[in-house]
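Structures given as structure tokens follow.
Shared between the two complexes below is chain A, which pairs with chain B and chain C, respectively.
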Partner chain A sequence: MLKSLPDKKKIITFILENAVSVFLIGFIIFMVFTKRSFSTWDNIVNIINESSIYGIAACAMTVVIISGEFDLSASSVFGWSTVLFTMCCNTIGVLGAFVVTILCGALFGAFNGYLVAKVKMPAFVVTLGTMIAIKGLAFVVTKAQPINTDNATLKAIGRIHVGDISIIPMVYVAVAVLFIWFLRNTKFGRDIYATGGNYEVARLSGINVVFSKFIVFTMLGAAAALAAAMYGVRIKAGWAPYGQDLSLYCIAATIIGGTSLLGGNGGVHKTIIGVLLLAVLFNALTLLGVSGSMQKFVRGLVLITVIMLDAIVAKRRKDR
Partner chain B sequence: MKKTCLVVLMLVLVLSVVVAGGKKEAAPGGKKIFMSSAYYTAPYGAPLQEAVREKAKELGYSVQIVDGEENADKQLSQFKAAVADGYDALIYWPGDQASTPPLVEYLNSTKLPWVAVNTVVADSVLDLVPCMIASDEVEIGRWLGRNIVQYFKENPGSSKNMIYIEGSPGSSYTENVTIGLNEVLGGTDVNILNDHQYAQYDPSKAMAIMEDMLTKYGNRIDVVVAQDGGMFQGAYSAIQAAGYAGKFGLFCQGQDLIVRDKLLDGELYASVAQDPFTEGALSVEMLDKIIRGEAVDKWVPTPTGPIWAADIDQYSWF
Partner chain C sequence: MNQKRFIDVVRNNGIILVILLLIIVTGIIERNFLTFNNLLNVLRQVSVVGIVACGMTYCIIGGAFDLSVGSVVSLAGVITILNINAGVNEYIAILYGLLAGVAVGVINGVLISLIDGRTGEAFIVTYGMQVVVASIALFPSNGLFISGRISDGFFKSMGQGVMPIIIFLSIAIVMEFVLKKAKYGRVMTFIGGNMDVAKMSGINIKLNRISYFIISGVLAGLGGVVLCSRVTSSNPTAGLNYEMDVIAAVVVGGTPMSGGSGSVMRTVMGAVIIGIMSNALNILGITAYHQQIVKGILILIAVGMDILNKQLKLKEMAHVKVFA
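Entry: the complex of A and B
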């Protein structure tokens, strides 16, 4: 009896600290027994594909959030990049389209990073402004028209599959692994945690906090552009309003995964769980026959629940 | 502990909502229709989707309608999930034309009966759609133009200046209505004062645009045209607040209750019909025919035409 009490406490602590993963596993088990179609291979592939495009940007958003900032303009960089990628596919070819799109995304990110890190403007104001400006630019360039492409190489890339898995999840996995390695194994990755944890202490410790903040925005710009290029591979079209929910999706996936909005902790591996949870949830709600309006309500409830869990875990850690 | 209990309660709530929500629309036994609606929350979407539900029920189908959120990638995933779940027929309401080819190709690859509704797909894949149920958007624009020409015949003045408020840039509806309007007005001396002003079907944005137009042009304006009833309501509020009510000829397209009231009041000169109930019901009727192996037209137009105050009883209003 005496021995079982600490065990129980340990289990509760474990469940609370890994609540999202526990909820995800529980939900998957619930779905497997409730809906046979959920565990079919076609549906699993669909969930993987669905989570991959936004997942690429979510990895980079996590790094920005770890550094203590966030970026609202990723949606517009995505929308603009779908336009640029499609236009480039129609003119200079697919390889050039990838290079130009990612460089341009990085440039937009660098602009945000410069204003936030160097000029010390609040990220909310800067990225709100660039969000509106970049979307406006995309509307002007396209005269507000959606454009599509018949590029044969792009279609061929879209047809590449390994065991039913398209190229997009492979890119997502590569990006996620790269970010995980970068954050865990490089000094620069650790600098980002330090910058987000306590900016002033990090600065006094000799960390180049300005560069840390600058580079995370640049990486997010490039990742949002890469995600847009993957969207182009899948949908073969570009339009300014595409991806308008990207920023909030990425922030939600990051928080659900367990990375604190306050910065300094968390990780891309956690965000992968958050992205997966959202994808499984969206898919499950559709399979369960839940109407569109109710789906939004449930998604909101899940977000609130996870944030509450996060607050409880943070309080328990503080009390210990 | 209280917080932990609260979280557990929230989780239970989520699961119960999921299960209850799912049970609500499930109807085992009968054939199942799945619809992905890009404009699920748009004012026009609600009555269209309601008509789909009613007609499907009438014909013995169960139906699930989900929000595509104007995101082609999301709609593709939704259709894939529906196919995996064994739905028997599909209804596709696209968000924009450019992104439709991959979805049309996928829907055809499923070999399931399907129809597209409202937003016309890209020209390159139009022939691949088994049945497109949509209004002739260009014709709606032409009717707006004809109504304006008639207004100026009945109310001749020294000028024929017009303010034109459009919907969303890039949407086929917005573009095609403008094409039809310009087709009719092109040969007349009606002068559109403003460059493209997009209110994105948002009454408050239409109100802000109209306020700016009133500040800039004031008494020089003769007529105001909005592409739908919601934007008309916003523009009308601005006109009323600035003390210009009754001074301009007002036009819009739409069959919502605000339009109906303004037609009855005589404040709106005319509207143009595009009936979401008919469109939604037609989409299920055509799908039903395809399921039963009957031939259907490639294009089934939703009826359109002018609505005058005297005719309002002939139309459905939402």
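Entry: the complex of A and C
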């Protein structure tokens, strides 16, 4: 009896610490039994496709959050990039469009990174400013109209499939693997953890903290642009308001996955689970016939619940 | 010495000088700009954002912030107009609108103090509340516009003429006084500056922090009521992205996001600066989308100057220490 007690405690701790994964598995089991259409192959492919585009940006957002910062401007970079990508497809071809879009995204990211890392302005304010400015830029360039393209190469890229999986999830997986490898196995990746964990200690140990903070924003800019290009591959159009909820979605997916907003811990592999949870949840709500505004309601509740759970677990760990 | 003083004035009030320059240039180009009516117009336009921004200032000084205010603006408007249309006494209807703000503030505050949340947690919790409250505001009318059946009276007068300006400025003055002179305000600065030390000094952090969210919520509710009264109808998405304008006003005014210092009067200044800027740009014939670019850059310049100024001051202090 006495021996079994700690085990029980262990189980509770395990469930609490992995609350999100446990919830995800429980929810999937629930859906499989209640809704036939949920576990069909078509729907699974649908979930994967839906989550891939924002997932690309979410991976990069996780790296920014690990470094102890966050970025509100990713949504505007995404919107602007859909416009730029479509325009480039119409003028200089698909390859050029990819290069120009990603470089431009990286440039915006680098601008944020410079102001945060070097000038030491608070990330919230910097990215609020660039968010407003870049969104304005996208509106000005397009006169607020959506633009589309019928570039043949782009259509061909959109048709590439392996089995039922299109190219977008493949890019997502490649980006995720790249980020996981980068964070775990490179010096720069370890430096980012150190910078987010304790900035002053990292600086005094000779880590180039300014570069670490600078590079994470640049990567996020590039990733948001890549995500926008993938969106372009899918819908062959660009419009300034596209992706307006991207930044907050990415931050939410990161936190839901279990990366702390304080920085210094977590990882991209966790965010993939967070992205998956959000995708499964929205998909399930749609299948259950929940209306649009009700879905938003549930989305907000889930967000609050998860952050509360996360914080309570962190507090327990600290008290122990 | 005189030159040094001049530089100090420029440094500390850089943003005001920039705006003065804008006013003068626009005034020269367009006569209509510098009329009393137009300036009154600007103040009226910024009053709703200003009222909400006063509450946000308290939240930020107290070491948190509140992303849910935009949705509260929508919700309070919807509730007030629905009640007035249902024939409820207008004072009671306004009270219901404000109570919606109080309720959201209580939930925000309790959740965040329950987990000893700092800025990061406040960000996510209040964002979650923003989404939740925004969808609640959509339910009663299925997302449609509700026009109000408003007769002459107190509610109608709230949004007309100089009333919004009077409401805005009197709230700001009272809040500034409380912030600078009352114990409550000093405690707020203390908590925002160093929460752990404040806790050890025996201050009831939880209760105090909840109150900041309530103030922010109730002022967002008031903003929603005033907005409704101005347009005599309610739009369930009226407050969409309002929080960004509000935070922009606080930031341009010069209250740092890190908490522990700042002032409501500076926020008033920030709101007016943004208002004057968009009015001037309107008069100069610049579209709303171009204005967004200018606004974003204005935020960056305002905060950048503030930061550089602080770094310079630190350097000067170090210099004085070495050579004194």
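Rule of thumb we're sticking to: the second predicted complex is superposed on the first by the 320 of 320 C-alpha atoms of A that agree within 3 Å, B and C clash if a C-alpha of one lies under 4 Å from a C-alpha of the other, contacts with A are read in each partner's own complex, and residues count from 1 in each chain.
In this text, a residue touches a chain if its C-beta (ideal position, glycine included) is under 8 Å from a C-beta of that chain, and two chains touch if they have at least 3 such contacts.
Since we're looking at a predicted model, the values are computed, not measured.
Colleague: Is chain A touched at more residues by chain B or by chain C?
Modeller: Comparing touch counts on chain A for chain B and chain C gives B.
Colleague: Scan A:Lys35 for contacts with chain B and chain C and give back first, second, both or neither.
Modeller: The first partner, chain B, only.
Colleague: Once the shared chain is lined up, is A:Leu277 touching chain B (first), chain C (second), both, or neither of them?
Modeller: In the superposition, A:Leu277 contacts neither chain B nor chain C.
Colleague: Classify the contacts of A:Ile215 with the two partner chains as first (chain B alone), second (chain C alone), both, or neither.
Modeller: A:Ile215 sits against neither chain B nor chain C.
Colleague: Quick one: is A:Met294 in contact with chain B, with chain C, with both, or with neither? Answer first, second, both or neither.
Modeller: The answer is both, since A:Met294 touches chain B and chain C.
Colleague: With both complexes overlaid on chain A, does A:Ala253 touch chain B (first), chain C (second), both or neither?
Modeller: Once the two structures are laid over each other on A, A:Ala253 reaches no partner at all.
Colleague: Which partner chains sit in contact with A:Phe139 here, chain B, chain C, both or neither? Use first/second/both/neither.
Modeller: The answer is both, since A:Phe139 touches chain B and chain C.
Colleague: For A:Thr130, using the defined touch cut-off, is the partner it touches chain B, chain C, both, or neither? Pick first, second, both or neither.
Modeller: Touch partner of A:Thr130: chain C, not chain B.
Colleague: Could you tell me if A:Met308 is touching chain B, chain C, both of them or neither one (first, second, both, neither)?
Modeller: Both partners, chain B and chain C.
Colleague: Counting contacts the way the document defines them, which residues of chain A are shared by the two interfaces, the one with chain B and the one with chain C?
Modeller: 139, 144, 293-294, 296-297, 301, 304, 308, 311-312, 315
Colleague: In their complex, what parts of chain C are in touch with chain A?
Modeller: 111, 114-117, 119-121, 123-125, 127-136, 138-139, 143, 244, 247-248, 251, 256-258, 287, 289-300, 303-304, 307-308, 311
Colleague: For the complex, give me every residue of chain A touching chain B.
Modeller: 16, 19, 23, 30, 34-35, 37, 40, 42-43, 46, 49-50, 53, 139, 142, 144-148, 150, 231, 234-245, 282-298, 301-302, 304-305, 308-309, 311-312, 315
Colleague: Give the list of chain B residues in touch with chain A in this complex.
Modeller: 3-4, 6-7, 10-11, 13-15, 17-19, 21-26, 37, 40-41, 64-67, 69-74, 76-78, 80-86, 96-99, 101-102, 122, 124, 168-170, 175, 196, 198
Colleague: Chain C touches which residues of chain A in the complex?
Modeller: These residues of chain A touch chain C: 70, 115, 119-122, 124-126, 128-137, 139-140, 144, 248, 251-252, 255, 261-262, 293-294, 296-297, 299-301, 303-304, 307-308, 311-312, 315.
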